[in-house]
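Think of it as A, B, C, D, E and F in the order they're written, each chain with its own count starting at 1.
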Amino acid sequence: MSTGLIEYADASPEVRAVYDDIMATRKADWINNFWKTLANDPVTLRRTWESLKAVMAPGALDALTKELIYLAVSATNQCRYCMASHTASARKKGMTDEMLGELMAVIGMANQTNALAAGYQVEVDEQFKLTC
Amino acid sequence: MSTGLIEYADASPEVRAVYDDIMATRKADWINNFWKTLANDPVTLRRTWESLKAVMAPGALDALTKELIYLAVSATNQCRYCMASHTASARKKGMTDEMLGELMAVIGMANQTNALAAGYQVEVDEQFKLTC
Amino acid sequence: MSTGLIEYADASPEVRAVYDDIMATRKADWINNFWKTLANDPVTLRRTWESLKAVMAPGALDALTKELIYLAVSATNQCRYCMASHTASARKKGMTDEMLGELMAVIGMANQTNALAAGYQVEVDEQFKLTC
Amino acid sequence: MSTGLIEYADASPEVRAVYDDIMATRKADWINNFWKTLANDPVTLRRTWESLKAVMAPGALDALTKELIYLAVSATNQCRYCMASHTASARKKGMTDEMLGELMAVIGMANQTNALAAGYQVEVDEQFKLTC
Amino acid sequence: MSTGLIEYADASPEVRAVYDDIMATRKADWINNFWKTLANDPVTLRRTWESLKAVMAPGALDALTKELIYLAVSATNQCRYCMASHTASARKKGMTDEMLGELMAVIGMANQTNALAAGYQVEVDEQFKLTC
Amino acid sequence: MSTGLIEYADASPEVRAVYDDIMATRKADWINNFWKTLANDPVTLRRTWESLKAVMAPGALDALTKELIYLAVSATNQCRYCMASHTASARKKGMTDEMLGELMAVIGMANQTNALAAGYQVEVDEQFKLTC
């Protein structure tokens, strides 16, 4: 690993405050490796957590839909850690096997047509330039 | 462009059949550049359309959610054509400005944390290896 | 643009030497924007050209196959410039419409299954670890 | 892993039919983790296999060339699973060490010049816009 | 475009406050399209600007070095907009032609070796696992 | 792995010469897996090493800054091997924990805004087209 994991027991009050908020928000009793690594830089830990908490809260889109979007990005980026972590989150928020299958099928097709559009150098239609 | 656009008027019966199905399914009266370019290879045109139609049909996930997932992949891949085309589709299926804003915020955060996870070489937690 | 294009007429002898070699090797009578931009850094221009010339020369793989591989990478990376430039090269080296269609279909499928493998977090089989 | 592996012994007749076709087509006596995972969604399993089989069959491009293209995409996407799986396929279809070396050299150069073209914001030459 | 540009004259007090801060921080007298588009979602506009301002401020790394890092990411992602915008920022912060050339050369090499490492499926050395 | 590791003891004089130069330049007494794998193709080994050595040498940008740029690319590409290898190099060249934290924060933000720019389909401002 690049930097050590900051365990709750060894964390400063500042970091513990973030850990507490993560566990309270996620209804979990443990902190994962991503946050424990980010904790080496407490300012970035706080900012990243605060942003994520705000962004993932239910709004016009519900919490589960937001996790599915997160998985779509993570699979596309081949982010191994994020796929593991957010698949767990999505399951906790209600993702069924059926939803997972449909999600993956869309992710696969989107990556396929993205590459086809680039490969064939398709020009953006005029009609799309009017859509706001 | 790499290959010419096959206009409806110049299309073979095989290609027109696919065009007709696209327009009927999407309730549109025109064919976009992506399909008109793919039509240079009628076999791939048909297979891609049939797959996309099946994958994007509402199921455990509704049609709009699937478009949002498509946008998440396309933004991450920097696919200019697909962003234009699928933003239009998402709007047609009911995406409001509020939903667009929340979608983008999630896409942005996901791309950020994906890079942080890679940069910090975060190892997958044991707890995540048990999630099916 | 980020840096100016160095036209042949304005180029130093060092840069002209590279331009001459590019045109001779590619049997062309003009220099494209990529090389004319790279020429702002003559050392990088020379190193990049020399490497590309060596790498793209026919060997165990013929020149056309190498262009197809180049297109596969460029489409996947959504590199607009490279798709335009290398599609032209591939055509010059004998790529037919039929080959282009098959190439694109493979690129599309590969991008799809890459994303599926990541999304489903598929573990590498033991059998594959023995393949050298 | 995200979903369980569906072993042949536990598979439904529908899934076994696909497994049998994979083994027959690939002249193999086992099913890899990618297909065993996709089998959790039999519809996607079938569609993905049918598409892949059609796309990878020899045509204007031979089967080995298609595997090389697949590797170019997979390396570019950093798809660990796909590199392992398709390197094995390429070997089976005749890829020698010499071909592998040349393939990798092209993949490396293409990823390099793709990034240079983006970094230098190179504009597509007019001459390339005429290539069909 | 996907959403309209919110011009200063038409902006709400909340958005104008962010615009003012951007111009003050960057010593500029205009707002670019990225911020004017993000302004359609004032909460995201503020959060993104506040994060960026904090992250890009000189610290252990000076402001110019941070812009070079930003360009490295943007070129790798093929982000056309970000390359244009941040190249301008880097110039303002002192990037010379010589620095630009060296930056691009590193970006090119890194993208090349990243692809080679993936293509050759290189395993992480034990020695690297001890580096913190 | 895809190809075997060529250990120093088993290497040809040609490969040993490159190994010796790597160790001398990097002040190290061992060769990592990346070079030992590339050594299966001695021509590519030499060319890649020579290019990397030239590109990473201090110039207008110092050696550490170049490593930070390398990390920015590698994290963005999710290149696990390169992150491990170049984080070690950066540490050797003087990267402190503070620098690492700031580097990661910039990489994270850049990946975020790159995706936002693509998602919102932001058009390049005219003012940026004048920057050279």
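The definition used in the following text is that a contact is a pair of C-beta atoms (placed from the backbone, for glycine too) under 8 Å apart; a residue touches a chain by one contact, two chains touch by 3 or more.
Everything numeric here is computed off the predicted structure, so don't read it as measured data.
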Both-way neighbours, i.e. chains that touch chain F and touch chain C: A, B, D, E
Most remote chain w.r.t. Chain C, using mean C-alpha positions, is A
Option in A-B, D-F or C-F whose residue-number contact pairs overlap A-F by over half: D-F
Counting C-beta pairs in contact for E-F and for B-C, the higher total belongs to E-F
In whole angstrom, the CA-centroid distance of chain C from chain D equals 19
Could you tell me the distance, in whole angstrom, between the mean C-alpha positions of chain D and chain E? 33
For chain C, write out the residues touching at least two other chains, lowest number first. 1-3, 43, 48, 51, 73-74, 76-80, 83-84, 87, 101, 103-105, 107-116, 118-121, 129, 131
Is the chain-to-chain touch network here best called a line, a ring, a star, complete, or other? complete
Per the contact definition, I'd like the list of chain C residues that touch chain B in the complex. 78, 80, 83-84, 87, 97, 100-101, 104-105, 108, 115
In their shared complex, chain B is touched by residues of chain E numbered 2-3, 40-41, 43-44, 48, 73, 77-80
Of chain C, residues touching chain A in the complex: 71, 74-76, 78-80, 83-84, 87, 103-104, 107-116, 118-121
Name, in rising order, each residue of chain C that touches chain D in their complex. 1-3, 30, 32-34, 37-38, 48, 51-52, 55-56, 59-61, 65-66, 68-70, 72-74, 76-77, 79-82, 84-85, 87-88, 91, 96, 98-99, 101-103, 105-125, 127-129, 131
In the complex with chain F, residue positions of chain C that touch it: 1-4, 43, 47, 51, 54, 129, 131-132
